[in-house]
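Shared between the two complexes below is subunit A, which pairs with subunit B and subunit C, respectively.
Then we have the complex of A and B:
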């Protein structure tokens, strides 16, 4: 997976850096990124002048960008949020639709316990306050993939609020130095996913697939604490790892299991915040960072040339490498929020407040869920650093590639070689090889045992380093 | 046979005096002959006869399911019935055949009841006359009763000998008018209605029936096409209180498919015989004495209170101070929920779809315009207005707060030692259709729901019991209201009252020649009220 942290560690092909620019680095003049003269992505279509900035232009104003993310994660569960139909991503169209999903009149929502647990787990992992009472609401709008004409969500009182997510970014020039930053989590709410629309322009029709309608989503709303694409990418990556570690979402962006919307505005430091735009359709971490940086630059350009920013929704076109206004979001929608009358308030308990003789099938104990939380990525990385003495950047790199940590640990089990050696081989040689051949860790022709054996040979000086590398 | 109570017929079936098939055929034939009432939208003859056949097998093998086995019933056409068209009396759902049964329908079928058909209503249950449906209005059977006609003759009114197709017939009340007419005309022994603001109790009062509204949360709403989710309940219409208790015993209880049903286990319903009312405290809400109340009903209400008092009960005046706000509050909340609930009717998944295919928006607009009548569209527009961001606080939230006050009024009264409240059900007896339609649906609903809708806002159980015939020979009902989840106690008191008043049975002219003859009807009057 493309991630900024890889840059410093492996002499890999620059495919992972493509989203930044053609090769030059960007820099910040201060830790909180108050000035970010972005280096624009050079696209093949639109040739824009490069704004390389070592320092603010003479007489020019500094610009600060403000980025807030709203992330929708599909909950990993057997059935949907309010109905018993199955959740699966590769079924024939309209084959996983219950009467409730199709909005047949007279059907009622029934809350899925697993989805609530997933929300509590995620809220705890993000240091949120879990609301012991939360409410469900209807958000109304007409769209073909929303059969009921409203979405059930949690607008008034969500299940979790006031949390934080820590993430790592490279600072300064040296890509080997990491700093920890924090983004505040405003709230986490449970809501329904919509169906899918497939536009058939040839026949002037739209095909609707309701398989996805009603699947449970966790919406994670973050405060606008970010300032650039790199930070956003790091945040999203970390959230992905957390969700995957918890098992609450597979969080695969390409499959639509994790969707990110970014709210972006620019302003001069000290002045009020600017008008913001919303950028949607960001379905990879790479695009997400590019889109945000592009939009920031677009807004700066617009304002510097005397134009104004419209409060609109834009979509990222990866081919063009820029954001374009989305046509069908016209005017401001009034969603006419109303309490969902068919769902009583959701009440959660902890060990202290659990009523005596309560049926365990019918209640959720927050303390129990907290005790059963698996190890989170940040704890894993800390442990790796402590256990193996590796650099923090390396611990990030190990976790960022799916399956790589497991591979590393398997090698460690079987080899006598020093952790530092193993780390270097795994992150540089092995990973380099895999990337070069476009392979996932799971497809690696070299097994952990094989690498362990090789490292033992190296360790005992039976073979030379270059010979070993050739073997790989 | 058709004039008997549910319990009596059940005994007759068990004793082999009649078979389910014979009973079913009688009812179907009666439906045909009372077609002019327009009580039924769909008559499910084949289904009913097949069910009768199965019931007969069970009786033959001595394995009948219970009191409802083989009993013909009717269901209001806003309950989903699998394989049977469910229209809500709307063009929007003409031809809609649900693939599942509402939970209450399933429960009846599981007990062996015979589903005769789906009854007529106001479109989407919006109305108090059963006059505004896509299949035409329902006629009150009492329009053609001996009792009414005789009174008219005595008063020398013009238009004496009207045909059944005439124009001076009376409304059946609403919105469950079809169900009420079906039971009242002796085509079935019980019918399901729905009650959101009085839609079961109002037609019950106008048709001389027991109309019961259970506590909100006692009976499942799964499959009931909703009007106002936070106020709707399935209602029961029967000819006597004991029959209602039998049906309620089958229907009540938690449904996992309906998250608003209570989880406490429900004990089976056998109504105790109440002989001593001296420990009872009856409350008379003074705010319900409104100038629009007909003098006849006011006097009947007073007589009923005296009845309890002379039997030893304590009868006191009580106050429900926020009563005057309830109709506006109801209007805001009802229309808001309607706007939301009707959003699903877009022509895409089921139901009516227009021919316009210029754009999705145009298709929605045309479909909804064609599918809904003015009443529905009016409520959607109002509701959306109240839900707008700038109005939400002032209307919806305000109404919810007022609703809490109204509910608290009842709680306070019940906490002060009152067991049951006694009120009128309607302002007057059933009026002629031509007079009813002089005012629009909204005005009529606001007027006619006055005694009934506060109960829905508070989620309480209530029942309308036929009390007497008016001077015109038409039924008048009185309403009892109980504390939440004290449905059994409420019905017990209602039954005592029913036994005191001995309300006469409808005698439909021109239908005396069949088995439900005058002889049987008279016999019923003395038999049904005894156990």
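Then we have the complex of A and C:
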């Protein structure tokens, strides 16, 4: 069931009408309250009545959950999106901040070429249409870690749109069979990151560090095609692998390089979509799956006992294992989008449209970037299955653990043993050992050569299987 | 007396653009809204709505933009400004591609990805009212608006 996008209003008039005539055009009057993640930003008037879910018919009806993800990935670049300050995770507070990042008057944004290339690469990897012309906008809201009072983003015309991401899920009982599903990508846009605020409750103040302010982000907006926490986890994992393979982002959730917000609602199949809640503060893929499943269950319980779902933002508390309402956001936010007046449209070219004699530093050729794309995880897995005859599940497992694929390939280079045997040893014995001792592949005391040698001995029947296992 | 009358007339003549206050009159006259109307075309003016701005809209705007529409005159000024801008709608723009910005024909310059700025923490922190160990200090949570005591804008001009 496709989620309809309520985008009836043309771009320019969206703002000019926003508050002058009370925003009646943009009120979310549709009962499909949970369809578009973007509608929240287009609606204006603060004093709207909170939408309530319709009372469901009790008894016997199945529930279906609808989950949509919004993912922010920090672009892996040397300098920030619109200024020349360095991008680094650890540095003394406010030392990587330029006058522009601090929003001092008179400073102007200058776009970083590498960030544009990263966005184009990611768009191509996710099968998106790359918009040859994209525009920058300002999204206004007040918060201490946003010195300018607005964030430069691409709301009207993003750099890439209408893509898809294929991912694998286990069907039936665990480890038995993998199926491929697809989630649609609505758009990918470039935007600025905000600074970091550290809350000092003791002295009732907030400390602001602007090192992160202005760092380039890729926002990947997905259609609400997912239905449970497991699917969401698989999608995020796959996106992580893609971004890491492209080199556009290190996508480490723990370090905040990949941030996921989930929009969740439940409804009975065939009936209109329910009210959605937004869940934030998801710091790892495991928490993501748990939080989504918990929120789905909470909504079902609430509705079945006759309650109603509020359109609110909730935060996942890992200690309690449940979602709790976040600080009150003062009703609907009106971001008052306006075109960024200091940036002309971003124009991209392909080989056919490239102007003759153009400065290669100043133009971006989409075809050139497409030709230079590295091998994507899905292609790697296909190759492994073809080359070594392994099961798809194993190819997924090899790629999911950082460094494991390289380890496997190193062993294959040095051993005579059959691929199936190597696969089994790497995935079961070695990985099991590492997990048991809480080690990463890079910390493995067993080197690929050692394992290769061991497998050779096993192959030549010099030692028995159990003895070999003991060695490990 | 005569001199003063002349003086007032002189000031009046100089232009409604200038705010004037005398010992007798401390009201600050609105400046922009009373400027003579700009280029007039032979177009029909189609008023949209009543042009009144409700208290809810004012509160909403004050919250969003953190401005203070303290006086009734300010609200009146706002209404006039909106009416002034409404005249844009008289122009028929069917089938016309909207302009994004006055820069839309220019080339967007692409900077190469190297580090050229930063490392000026001391200078930046000097701008801040309060600083703690190289962090800017801000009030907790979000910037809050003081609660309005009464919903009606006060009668006296605050500025």
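Just so it is clear, the second predicted complex is superposed on the first by the 411 of 472 C-alpha atoms of A that agree within 3 Å, B and C clash if a C-alpha of one lies under 4 Å from a C-alpha of the other, contacts with A are read in each partner's own complex, and residues count from 1 in each chain.
The rule we apply is simple: a contact is a pair of C-beta atoms (placed from the backbone, for glycine too) under 8 Å apart; a residue touches a chain by one contact, two chains touch by 3 or more.
None of these values were measured; they are calculated from a predicted model.
By the touch criterion stated above, A:348 is placed in contact with neither subunit B nor subunit C. By the document's definition of touching, neither partner reaches A:67: not subunit B, not subunit C. Once the two complexes are laid over each other on the shared chain, residue contacts for A:430 go to neither subunit B nor subunit C. In the superposition on chain A, A:207 makes contact with subunit C only, while subunit B stays out of contact range. Once the two complexes are overlaid on the shared chain, A:135 sits against subunit C while remaining clear of subunit B.
Contacts of A:92 after superposition: subunit C is touched, whereas subunit B is not reached. Once the two complexes are laid over each other on the shared chain, residue contacts for A:178 go to neither subunit B nor subunit C.
By the touch criterion defined above, A:452 lies against neither subunit B nor subunit C after alignment on the C-alpha atoms of chain A. Of the two partner chains, neither subunit B nor subunit C is touched by A:404. Looking at the superposition, the partner that touches the larger set of subunit A residues, subunit B or subunit C, turns out to be C.
Within subunit A, the residues touching subunit B in one complex and subunit C in the other are 99, 102, 104, 110-111, 140, 142, 144, 206, 208, 334, 336, 341-344, 362. If you check the complex, the residues on subunit A that touch subunit B are 99, 102-111, 138, 140, 142, 144, 147-150, 206, 208, 334, 336-338, 341-344, 362.
The touching residues of subunit C, counted against subunit A in their complex, run 48-49, 56-57, 60-61, 63-64, 66, 82, 86, 98, 100-121, 124-125, 127, 130, 132-143. By the touch criterion given at the top, residues 79-80, 88, 93, 98-100, 102, 221-226, 228-230, 256-260, 263, 336-337, 339-340, 342-346, 348-350, 360-361, 364, 384, 387-389, 392, 396 of subunit B touch subunit A in their complex. Within the complex formed with subunit C, the subunit A residues making contact are 10-12, 19-22, 45-47, 77-79, 83-86, 92-100, 102, 104, 110-116, 135, 140, 142-144, 197-201, 204-210, 327, 330, 334, 336, 339-347, 361-362, 364.
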